[in-house]
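Structures incoming, each one as structure tokens.
Consider the two complexes below, in which chain A is the common component and chain B and chain C are the respective partners.
What follows is the complex of A and B.
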């Protein structure tokens, strides 16, 4: 079924379809889909992916029967189970969880900061059917864990979440995506960090073979705020991680990091984009990937430094290890710099596991597989060591061991 | 920095563009615009065989269906291809002069102004010069000595007449006419350029060199250069450019093809100093060049070195296709942009054969209001076992109104190949500047010294004659925008 049919047929179930303004915007988006030539060469969001599967889809959404659970088990610590992208409302003196409102639609959906046309973000705006908004109130320090659950097969979730960290607050956010059914989630996170706030955002992705996950995030940092994002992708299905950050006021910082483990025929597309729009800001983009069997990965990184953003420090690093003859990795680390007093660099490597290192281990009596496994673990050890929660560290170690058990 | 460079700095500090003069020679031109008649006119003027005309017309029909590539980080007004003269040859050149005395004295004067007197060069420098004045080769020197070794060094027009077999076999084999719009355009209307063939086992004893010069208003230059190095041979080729001052933008779309067979090596060096436009960004050359080398045989090597300081727009990606096993590709580049210049330059290394190696060193310096982009692609195809690439691209920013961009594309489909890429962008180190100032250098001298040091890795790859010239160029290019 094509986009227009899906849209007309399911209009009633889609959020904000009574709002004329939004309706007009959506009609424009449909036009884009109908007129675009889907030029893979010039649209990064299309590389290595068969867009047809995502455009000719069958729209299906169920409003969850069971409401989501919000537990305030420890002080300042909450756990949320979001079902089909929905979450019930909750309010106390520290946080507030609500549904998203009409005005939240405009954030980022209508924003032109994404270069070219990102068809997946447009799909999300078109078919928006779930999502929530979490506000961390001033000067509170909160931990939240969100488990994302999808109840049925063949669901198409188009979810938009807003996170707002008010002045002086901090949030430790762990999001888990572990789904075993044949569904597609298209999630757009819009994150706003007010003055002097901090968000440590962990995304653990471990979906089964049939599950497609498309995550796009857009964060904006005001004065003295810090956004740290870490993505751990163990999924056996397709995952797209596109993360954009804007440093809009002085002395803010954004770190977008990720590691991915691919095998079989799996594909993963990754992109990070940091825009320096104010002085004295720092950014880091680090992605590491292990590719086995016939897997494919892309990683686009981009640091944009505006003319006013003097004293910028922006670093990028991309590392890929190919374990098999048939794996392929594409990386495009881009720097766009319009200010002169900056320190920016990028490094990118792709290659096999170091043969000398293998030889060293083997000459000490280790089997080739054991040596390979040790070297893979050490390749990403830095990322794993930086996790301060013991519980999460254990969880990720377990997933790593599972991946390594399949390496031959 | 040597005193020589300092002197040059002084000389040029007040000068604008030194080579901005026009030689008045009656030009014989076809009508403006591009159509089949223009191509037939060019072909008949050059007395070409039928198959060449067909080849051109085929390229033209491809061009008609193509659009200019838009991905580069450049902005310029749309080029009106119908407002350009496609052929301009000084009158009376249908028949070639046999030696220099037959050449129009005005032309000789031009070269004297440029500081490359042919007579002198013939004796002193030991360089055979194939000079292109607008579109027709004026004089080819040192031919005799080269002929003894079996080396063919002539204009492409002559090669079409005399060596049709080689032309038929290799022309368009590395850059197919239909590759992109500019290569198709060049294939359809190319007028002159050089042809080099080095026979098996011959090491060319001298640097082959061509000076290109654009003269005559509104004439696009469409050179086509083809260099073939047969088994076990070696050649070093120099290309240097200056152009007279103009207000109208001039289009330049050259194609350069290199072919290195088994164990052969080609070294191609360019110093490009075309008119970059004035301080307000008016005028200047539009330089859309396609340069591509094919390492066809085992153990072959192609090395590109370029110093790009001129042109309003530079769109240039000298690339290597590493097809033969153990072949090597190298790319060394310095690109300096000032005022309103825009440069989008880099390279493309395609590893096909086993044990292929490539190395890319790129230095970009942006000043004034210019935009300088490095764009490079390194790809390892599936059979490129144990292939290796190392890329380093550094950018230097001087002033806060310019931009420096790095856009590398890196792809690996082989799990034994290793790619390393690093890039950095920064301004001139304050500590280094302070150190130099303390020792009595002026701010400008200090910057020039540091920039020259920054480029050294590339400049030292140039042949001797060029290295001196290039070093001066680097200093001159920094004029007026430092301090």
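What follows is the complex of A and C.
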């Protein structure tokens, strides 16, 4: 079924479809699909995916019977279970969580900056069926853990979440994706950081092989604000992690880290697009992948430094270990610099595991497999050591051990 | 015989390196191999340790009644062979202490000995490091990462003293060492010498042999041993160089 037929058939189940402005907007998006030649060579959002699966999909969504739970376990600490992308509303003097349908549609309707260039964001806008908004109120420091649950097979979740950190606030956000059913989640996180706020965003992805996860996040940072993202991907299914970041006011920061562990025929597509639009801003990216068997990964990164963005610091680094001759990792870090007083760098290193290091370790009595495992662990040692939550660190270690147990 | 190398010929990437090399080392002996650059000394060390880049064309190596070619790299180490690398490999992120602990236990396991626990190992490591003038803080670092040339060599000897091998091969351990570091390293080696273990020392210079007294000195030229004898050969080389052996 093509996009148009799919949309018309399911229109009544899609959020805000009765709104004329949104209908018009969605028709434009459908036109983009109908007129696009889907040139894989020049559109990074299309690399390494079977486009047919994502465009000719069978739409299915179930409004969850069970309501999601929001617990205020400890002071300033909340846990949320999001079911099929939906979440109950909740409010206290520190945070406000609102179901998407209770929100003003304008907050959810358009994403001018990233629509048109990213087909999956367009699909999200077209078929929107779930999502929520979380506001951290001024000067509050909050921890939230979100467990994302999908109830049935064959569901197509199109979820949009808005996160707003008001002035002087901070949020430590942990999102867990551990779905075992055959479904597709297309999630767009729109993040707004007000003056002097901070969001530490930790995503753990560990879905089974028949679950597709497409996560796009779009952050905008005002003066003195910081967005930190760490993604650990252990999924056996397809995962796409794209991040678009705008440093719109002075002295703001975006730090992105992505570690992925692939095997079998897994694919992980990563893309970042960072726009430095004010002076004294920093961006730092580290993406590392371990690829076994026939797995594939991409890392496309574009850091754009506007001419007003003097004193910018922008760094991009990607590294990959290929454990098999059939694994592949395509990396393309790019810098576009229009200011003249900047510190920027980019680098990429991909290759098999260091044979000299293996020989050295084996010559001390360590088996080849033990040496390989110790070198894989050491490859991401710096990132693992930088996780400041002991509980999170243990969880990642456990998943790493499971991944390493399959390395032969 | 502890180590018996018979008619060993080896090549790498279509280049013959060792040519019908013969060498016998018995228990408790210290042998030195001297030779000009590119004569095959390091190749011999790597072949003994099991590096897989080389093609064995001919010959045999017997070590402690084992056909060495039947043992892989780690089995050779577990059987008591140790190579002190000419260029120790930097391995960021692999901490020295757990690495060495794991290494010693893999050897003990093969020998059907009880594994050494954390506390006993920490004590052993501390005491051996102190003997070699190695700062305890260094043991918290990653293997060879950020070490100076001298520190790397000292760390190789520390590993050797912990693993207590039956046959230690020192591949140009003296290169890059200043005189004080050379003294510390060679004292460390001398402390390990017993009637039950053997050493094969590869070097260009006599200086190292002033500190570690060899029982036999061999001259290697073009992949073969062309002369064997006592310490007088080292003195001869120091005086006249290798040229006369190459003719």
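Here is the rule we go by: the second predicted complex is superposed on the first by the 392 of 408 C-alpha atoms of A that agree within 3 Å, B and C clash if a C-alpha of one lies under 4 Å from a C-alpha of the other, contacts with A are read in each partner's own complex, and residues count from 1 in each chain.
The working rule: a residue touches a chain if its C-beta (ideal position, glycine included) is under 8 Å from a C-beta of that chain, and two chains touch if they have at least 3 such contacts.
Everything numeric here is computed off the predicted structure, so don't read it as measured data.
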| note | chain A contact check, chain B vs chain C, more residues touched by chain B
| request: For A:378, select first, second, both or neither according to whether it touches chain B, chain C, the two together, or no partner. | output: second
| message | Looking at A:320 after the superposition, I want to know if it touches chain B, chain C, both of them or none. Which is it: first, second, both, neither? | response | first
| Which partner does A:135 contact after superposing on A: first (chain B), second (chain C), both, neither? | neither
| Thinking of the overlay built on chain A, is A:328 touched by chain B (first), by chain C (second), by both, or by neither? | first
| request: Give one of first, second, both or neither to describe whether A:368 is in contact with chain B, with chain C, with both, or with none. | output: second
| said: Is A:340 touching anything from chain B or chain C once the two structures are fitted on A? First, second, both or neither. | reply: first
| message | Tell me the contact category for A:359 with respect to chain B and chain C: first, second, both or neither. | response | second
| said: Residues of chain A that sit at the chain B interface in one complex and at the chain C interface in the other, please. | reply: none
| remark: Residue set of chain B touching chain A in the complex reads 70-71, 380, 382, 395, 397-427
| request: Within their complex, state which residues of chain C touch chain A. | output: 49-52, 72-74, 76-78, 82-83, 85, 88-89, 91-94, 99-100, 102-104, 106-107, 110, 142-143, 159, 163
| message | Per the contact definition, I'd like the list of chain A residues that touch chain C in the complex. | response | 354, 356-357, 359-368, 370, 374-375, 377-382
| query | Okay, in this complex, where on chain A does chain B touch? | reply | 41-42, 307, 310, 320, 322-325, 327-352
